Amino acid sequence: MAVIGGSTTGRKARWTFVDIAVVAYALIPVLWTMSLSFKTAEAQTDKNFFPSEWTFDNYKAIFTTDQFVRALVNSIGIALIATLIAVVLGTMAAYAIARLDFPGKQALVGVSLLIAMFPQVSLVSPLFEMERQLGLFDTWPGLILPYITFALPLAIYTLSAFFREIPWELEKAAKMDGATPAQAFRRVIAPLAAPGVFTTAILVFIFCWNDFLFAISLTSTEASRTVPAALAFFTGASQFEAPVGSISAAAVVITIPIIVFVLFFQRRIVAGLTSGAVKG
Amino acid sequence: MAEIILDKVTKRYPDGALAVSEADIQIADGEFIILVGPSGCGKSTMLNMIAGLEDISSGELRIDGQRVNEKAPKDRDIAMVFQSYALYPHMSVRENMAFPLRLAKVDDATVKSKVDEAAKILDLTQHLERKPANLSGGQRQRVAMGRAIVRNPKAFLMDEPLSNLDAKLRVQMRTSVSKLQKQLATTTVYVTHDQTEAMTLGDRVVVLRGGLVQQVGSPQFLYDNPANLFVAGFIGSPAMNFLPGTLENGQLSTGLGTLALSDRVRTLAEEAKAPREVIAGVRPEHFEDAKLMDESAKAGGTTFTATVDVLESMGSDKFAYFTVEGETATSQELAELAADSGSTETGDSGAQLVTRLSAASTAVEGQPADVWFDADKVQLFDPSSGKNLTYAG
Amino acid sequence: MSQQTVESGPAATPAEPAPRKGKPALSEGKRAERRLGWLLCAPAAIVMLAVTGWPIIYSVWLSLQRYDLRFPDQREFVGLENYVAVLSDGYWWTAFGVTVLLTVVSVAIELVLGMLLALVMHRTLVGRGLVRTVSLIPYGIVTVVAAFSWFYAWNADTGYLADMFGAQAPLTEQIPSLLIIILAEVWKTTPFMALLLMAGLALVPDDLLKAASMDGATAWQRFTKVMLPVMKPAILVALLFRTLDAFRIFDNIFVLTKGANDTSSVSMITYNNLIKGLNLGIGSTMSVLIFIAVAIIAFIFVKLFGASAPGSDQEGRR
């Protein structure tokens, strides 16, 4: 589209300016948190955007407390397990929805759509009560289960969009070539679906990693509290000191995986988020 | 190698739609048979039923005398070539072609020799290690063929395998498909909507319309003796001209004037108890520029004069288009043909007449021309049933 | 979009035959297909139903009881008494009003900003990859982390922004607090909106825009008369997603104000009643009410705006 007027250099300059604005928009809060995490305890109230003196004390502090390390382990473990299970179950279901013909398919799609739109807080009360009765309250499975549940619609939705892009005739071709439905899945569809599965795994992981409501409602101790929840309960080195530095340092640590995903898998994440959002 | 028999094979969808109705077709061992018809005629459904990709609602499908209705595709030993080729994008050409053999647990050495052999036949040897994405359309098409031939199946099913190629390549591939089939002598069922492919490729052609088999026969026989209006209009390019006419005392009156039918045609029409109102069909090549003919040659037909609308000179001959006064021939079958993507032209304003004249014709666009046509080649159809009243089969 | 090309000949048009009841035995292939379908879906279906289906019913049941964990002995069935209590309480309606306000304002701003960002991501001549990558950071970042960043930015003790409006401590007053909450919400979710809209933009054929400019349309006319109508489905889906999501706003408020100065959302007061107050009866009642509100929003979108629920039309086509 060559409808935006002006010379090429002029247009480039204009776009560069717009790009810088976007980059600033996206990065300033992140840089601010990083800045806080590198500020010394005294400098934290100086209200300056950049630290005048750099220190790693805040990081040292959080990694020496059980509170943060434990929460980090919980976060990683719970998010990984939930992602793994959700993606496996989601792949199976999405394949069936996209490719196979069986009664009850519509119902499953309907239910998962319902859950995707569901206000999570509505589940907090019954889950809180049920998990207490079942002994799941404040345990890993107690968080993993709701995470899987809310990640499944996302996984099924994203994956079935990916599966639909695999030409349908390939499966017929595999059948004609002598494959059973299971072989057709394993040898033809699965390799083609792998990129989609991987993308979905990233999205699901971000979802689990991000959760706060379940994490503070269904946990009560370090046994299963994840980092976002733990942040809310951080205390300073002493009673009278605000935990700004610790919170910021912890915040930076849990932002690292997100930055890594975004840097390396930008294309896939964009594809995953937009798949199926628009219908042709 | 096998014979395939369709015995009253029917496909009815749960919503009641009838895709294929009681098809009876016997395909001999080694025969090349074409299923042809416009969109939605049931030809692909029929192919999918033979493949086992769709259930047969009723009737029986036998391969080599054995009922296979309930067999999964993999147990039917049939190979299929798809319109989109359906090549596995994550496998190389070699892996694609080896795939059916691997599934059948053939040992590595045999796989290699069979794939190499097929690649040689199809001229793919230097492309074996490439991925389908890096191949041209024609090469992909050949890989799809290769995947079908490696395992020596009982039959090949081909679902419009050439329709994704450009026109030139299509002609080229058409001859090689034909050659390959003769060489392998494997029973082949080939679906197409292209009547040129239907005419040139098959030993026999099955014309389908709305799930019903209209006629089965050799291409030439179908061309000369169409069983009904639909087949007459579908086979042949440019299509047969249709004009409404009135039959009286062996005389046929149409927008082109009145002519005396030949004895042969009259007898056939009488035997068929032809009604008064008929549709007359004349193929474009049965017209000729009257100026080029001597009186004796004109005896067997009739001459009319009309203004040439459009003249297309093809070099070898000329196509002259006229508009015939009066009504257009109407029948359900003709309407269907017209609806199908431009396979025939039944114009809205007066009937259009296509004639094929010899290159020596002096007809000029916009000027009147005298055109003769052969009364013995006129075919008569019943407008209500579409039946060919002069069918000599 | 792309699927159509795959669909081949005419016979592909009738819908795939759904299995027929009774008579003609399904062929082996079809039966295997059905079995496989059920087998593959069962685990996902079971988990989803067990963790949502049953709790919803249980939640309705709890909402009909007086049930305060601090006084478990007083548990009893009270019918709709909890609903009466919640709905006649100004506290609930304030929170409801705040939630609706936050939802409407932030989604409206996100739509405008998101559209701009989408245009930038779609059109920019320089650094397209960079813009897209950077925009994903707000989407991916943990909401609580972002919330803390805004909290410290506006906090009177630490913030580089705190003195901006001269006023004292913006986070201690209702209106400034709400604005900051909206800011945090908009910052975090605009990129997601933009991505969904960008997918819609990709659907607008370049030729169409060229044709429009040949026909004499100005840039603004091309946007409103050509792009927006073509993008309508994408916009509606994005709005539906974001509205439902914004309505359950919790994390930002929890960190930024803890709900002080009348800035609580409905999720926030539900949480407070439930986990802080340990009042399961009232908490569940609020849960059910939020659920109903969300259902109504979804219904309005689907019926009124004709936004077909995402995915709803896709089962039919293969």
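In this document, chain identifiers A, B and C correspond to the written order of the chains, with residue numbering beginning at 1 in each.
What we mean here is this: a residue touches a chain if its C-beta (ideal position, glycine included) is under 8 Å from a C-beta of that chain, and two chains touch if they have at least 3 such contacts.
From a predicted model like this one, the values you see are computed outputs, not experimental measurements.
J.: What pair of chains is linked by the largest number of C-beta pairs in contact?
T.: Greatest count of contact pairs is found between chains A-C.
J.: Among all other chains, pick the one whose mean CA position is farthest from the mean CA position of chain C.
T.: Greatest centre separation from chain C goes to chain B.
J.: At what distance in angstrom does the C-alpha mean of chain C lie from that of chain B?
T.: Averaging C-alpha atoms per chain gives centres 54 Å apart.
J.: Express in whole angstrom the distance between the two chain centres, defined as the mean CA positions of chain A and chain C.
T.: 15
J.: Show the residues in chain B shared as contacts by 2 or more other chains, in ascending order.
T.: Those would be 52-53, 72-73, 82-84.
J.: Note the residues in chain A that touch 2 or more other chains, in rising order.
T.: 167, 169, 175, 180
J.: Two or more other chains touching the same residue: where does that happen in chain C?
T.: Answer for chain C, listing residues that touch two or more other chains: 6, 8, 17-19, 29-30, 32.
J.: Give every residue of chain B touching chain A within the complex, in rising order.
T.: For chain B paired with chain A, touching residues are 51-53, 72-74, 78-80, 82-84, 86, 88-90, 99-100, 103-104, 147, 151, 157.
J.: Help me check something: in the complex, which residues belonging to chain C touch chain A?
T.: Listed in rising order, the residues are 1-4, 6-8, 16-19, 29-30, 32-34, 36-38, 40-41, 43-45, 47-49, 51-56, 58-59, 62, 117, 120, 123-127, 129-146, 148-150, 152-153, 157-160, 162-163, 187, 191-192, 195-196, 198-200, 202-203, 206, 209-210, 213, 219, 222, 233-234, 237-238, 244, 247-248, 250-251, 254-255, 266-267, 270-271, 274-275, 280, 283-284, 287-288, 290-291, 294, 298, 308-315, 318.
J.: Along chain A, where are the residues that touch chain C in the complex?
T.: 1, 3-4, 11-12, 15-16, 18-19, 22-23, 25-27, 29-30, 32-33, 36, 44-45, 47-49, 89-90, 92-93, 95-97, 99-106, 108-109, 111-113, 115, 117-130, 145-146, 148-149, 152-153, 156-157, 160, 164-165, 167-169, 175, 180-182, 206, 209-210, 212-213, 216-217, 227-228, 231-232, 242, 244, 247-248, 251, 254-255, 258-259, 261-263, 266, 269-270, 273-274, 276-280
J.: So in the complex, the part of chain A that touches chain B is made up of which residues?
T.: 167, 169-170, 172-180, 183, 187-188, 191-192
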